[in-house]
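Chain lettering (A, B and C) follows the sequence in which the chains are written, and residue indices restart at 1 in each chain.
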Amino acid sequence: MMNASHMTNQGHAVKRNLLLYLLMAGLLCLVGVVQSWNVTFSLLNMCLISAIMALGLNIQWGYAGLFNVGVMGFAALGGLAGVLVSQAPVPEAWAAGGAGIVGGLIAGLVTIIAGLFMWRRLAHQGRRRYWLTGITVLVGYTLMRMIIDPAVSAIEAVDPARTGFLGGAGMPIIFSWAVGGVFAAAVAFVVGKISLGLRSDYLAIATLGISEIIIYFLKFEDWLTRGVKNVAGLSRPVPYETDLNQSLAFQEFAANIGLSVVDASSLVVKISYAILFTLVLLTILWLCESALRSPWGRMMRAIRDNEIAASAMGKDVKQRHLQVFVLGSAVVGIAGAMLTTLDGQFTPTSYQPLRFTFLIWVMVIIGGSGNNFGAVLGGFVIWFFWIEAEPMGLWLINMVTSGMPDGHWLREHLLDSAAHTRLMTMGAVLLLVLRFSPRGLIPEVKR
Amino acid sequence: MVDFLNALVLLGNFVLVPGLAYGSQLALGALGVTLIYGILRFSNLAHGETMAFGAMITILVTYVLQANGVSIHPLPTALLAIPIGIVGAVLLCLAIDRLVYRYYRRQRSASSIYLIVSIGVMLITGGLIRFIVGPGDRKFTDGERFIIKARAFKEMTGLNEGLAIKTTQGVTVIAAFVVVALVFWFLNKTRTGKAMRAFSDNEDLALLSGINPDRVVMIAWIMTGALATIAGVLYGLDKSFKPFTYMQLLLPIFAAAIVGGVGNPIGAIVGGFVVAFSELIITFAYRKVFMYVLPENMEPSGMVQLLSTDYKFAVSFVILVIVLLVKPTGIFSGKSL
Amino acid sequence: MSYLVGHDMTGGYGGADILHSCSVSVERGQIAVVVGPNGAGKSTAMKAMFGMLNLREGAVTLNGEDITGLKPQERVLKGMGFVPQNNNVFTSMTVEENLEMGAFIRRDDISQTMEQVFSLFPILAEKRRQPAGELSGGQRQQVAVGRALMTKPDVLMLDEPTAGVSPIVMDELFDRIIEVAKTGIAVLMVEQNARQALEIADQGFVLVQGRNAYTDSGKALLANPEVRKAFLGG
């Protein structure tokens, strides 16, 4: 039942949120005017992707209070999907080692099943359980390595400069966005099954550790990902700038709107991506909001607010947590695939916890945990300042030190260090918001 | 017999000695983490940055000392600068506690809030460090490089394999031993130390007994700052100082603390060595060892490595995850939240 | 005039009042026992006298001095000792260390007091170097009481000291408590095991729903047919 004051409060809130969004748009336009429109649209694309990642984390933290500090891993899995879906398969590699890989993976699976079986069977046998399971796993692991190692070497030996890996399915890269979500969801299911029973601190550390393991795997299993050699030149769902530059029709178009061909093609590509990304964001946002307002969403929040009571009422807390964990990770995976598509390459070493986990956390906290629109806004705001902190910092330092002669050591040092102020700024912003405005820019709506 | 000795020396050189050094560094780091967990009851994700900060101050002072020709050859000059580094790190910790964490203590906030807050502290401290010294690699070791050189060893013993012990490794183990002994003496034999253990054991009862919580918290930060600085400097002396590495060390350190039983000082020490040796044992290539030990026709063809050296860090994460799943209270049954 | 008195105490933990004009007192060298059904406010009354909750009305005096406004730690300094019902020892620390922590506020030599505690509780002397967490329930309670005695209090308050221990251990504990009272300390005890507690009580307070229902000597209450019917199982 809504009384009059509740409706005006709602009205105020909507107006306020709209204002915040408009401010954000205004900032982006300002960058366009001051720096360049190309920069604006680059920022916009990354903001859109960050917003989706923030949405994913918000599902886990905001809806259910799950402490996932392993966002990086799921984003990377999305990126992996980009490679595995869109790259052409490398037939020689498959011939050289395909069988071995498949055999080895089966052996690995059997080892895990055998290990689990041993563990369950010996449930009450104390020390023996640890020893026997350990030995089973060790033996299984050795067998797996014996099968898989020669296959791996063979695959990596096939034209390592250009391929040296198995390749992918050779399908359009846009499918990878969905596949990325599926990969992330699958891994999240396994991770969630084994670790969601842990308390918050421990869950945080466990997810951090697991995400590092995932990145390690992607970095060093060259046969799958080319490891640190990266996979470049991924296909795309939008035109290539060079193609546009060479098309006569496009050159005319550029002349008509008064831009150089290079500028125009760059802008057109970025805007195309922006349209695609916005569509995905709006779809996911709509899905998330519907879920939040649904009975399922209410139940999730009830569990978050009082797990013991909810459990006593018969709600299967573990199942719900698993659902939320998988869904949130899937969203992050989709964003990860989108990012790799935008980059046009898959670079395992680029997945750092700072950029892909902690930054997303800042986005969710600042934006307003528990509120989808807040998470999206947080994604925009934080990414914007993450990138703009450097030019803004440089401008500021130049102003402040304009009195000093060029080459003065302090001025030089400050200019060099401008990039690092953004770390301090992000940290300070996080702490300030947590202390003085813990509900974030767009707080959770209590229903 | 000679072959057997060679195999032993090989293991000693590549597993035992580095393991002792690395284990000592992890142990000191884990002690700091476990102290904060026991007394303040949260996982301090900013601990790696605290180590880096203390190490940074020490390095800057070392540069000054080196420029002025001060030296304690054959030991590294940095050892002289450590006290000042400690002062710097402790001041930082106390300031952050006063400005940031104290508010949440008064609010009796949930530990997940503390964790997010420590992320903010980690970002600020990390940015501050990079702002002051930049993100690059810095070497600040000096003094005699080796206590025993591989060649000298081979000449002395006539063996094929040489055992080298770097000065920094020796310094690390001895320093860690001294520090740990001091910490244990403090916690077990002094009134204040026992009060801290009591506070960690049962906060309400400790307050009832008249133990001053503010003092306990202050001493905890002082000890943590000191431990972090020493661990950070020893690690930097042994390898090199690069801000990024210290964020990476966070996970092996947490692994050590949790494996040993978080909140339990003995656990932190044992955990440090368990993690260090596991990393080395699992990624060591045993081929040469097998070649020495096994008869000729049974020599292995592959490297006989359980996991490639690339996965060294991953080993500690795997251990961490396994411990969290199988026995979260660790070897010595520390606290669970 | 009694040594420790709670006069007409009215109050609760912040919401509704639990105590309604409740009065409890204890003399030096005597044992006073507070009994009553579950939810009667027994522990609340004791906690109020120790300063762990604020009284809306009423007062607490110690040896004539009004201590109503003092915090628990301050009351310890005035000579009051409190043994909580749960979590009343440092489980990871040895018996001896527990006693040392009990005497934390003292700056003088505590070895004499420790010897006195060990003579009161001989089993603790045997196990002085064992972690308190390894002791049995009854022994732990002795550590808890010993811990409180280390400040040489004039008043010792015990919150359900025999909760969860076997009957034999309970008898043993009560024997020790009698010894404690013999040294001149005023002992105030909240107990669930009403019959056994009243047997050793010099003064008994029966509380019902936060109010005094019956106040008399322990023997008299045990003989009182109404009290017997309501709380002592006839």
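Here is the rule we go by: contacts are C-beta pairs under 8 Å (C-beta built on N, C-alpha and C of every residue); 3 or more make two chains touch, one makes a residue touch a chain.
Just so we're clear, the structure is a prediction, and the values are computed from it rather than from any experiment.
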{"item": "Most remote chain, CA-based centroid, reference being chain B", "value": "C"}
{"item": "Closest chain to the centre of mass proxy, which here is the mean CA position", "value": "B"}
{"item": "Distance from the mean Cα position of chain C to that of chain A, given in whole angstrom", "value": "58"}
{"item": "Centre-to-centre distance between chain B and chain A (centres being mean Cα positions), rounded to whole Å", "value": "31"}
{"item": "Centre-of-Cα separation between chain C and chain B, whole angstrom", "value": "47"}
{"item": "Multi-partner residues of chain C (each touching 2 or more other chains)", "value": "none"}
{"item": "Contacting residues of chain B [partner chain C, same complex]", "value": "191, 194-195, 197-198, 201-202, 204-211"}
{"item": "Residue numbers on chain B that touch chain A, as the complex places them", "value": "42-43, 100, 103, 110-113, 115-117, 119-128, 130-132, 134-135, 247, 251, 254-255, 258, 302, 306, 308, 310-311, 313-314, 317-318, 320-321, 324-325, 328, 336-337"}
{"item": "Chain B-touching residues of chain A, taken from the complex the two chains share", "value": "65, 67, 141, 149, 194-195, 198-202, 204-206, 208-210, 212-213, 216, 219-220, 353-354, 358, 361-362, 365, 416-417, 420-428, 430-431, 434-435"}
{"item": "For the chain C and chain B complex, residues of the former touching the latter", "value": "72-73, 76-77, 82, 84, 87-93, 97, 100-102, 104-105, 147"}
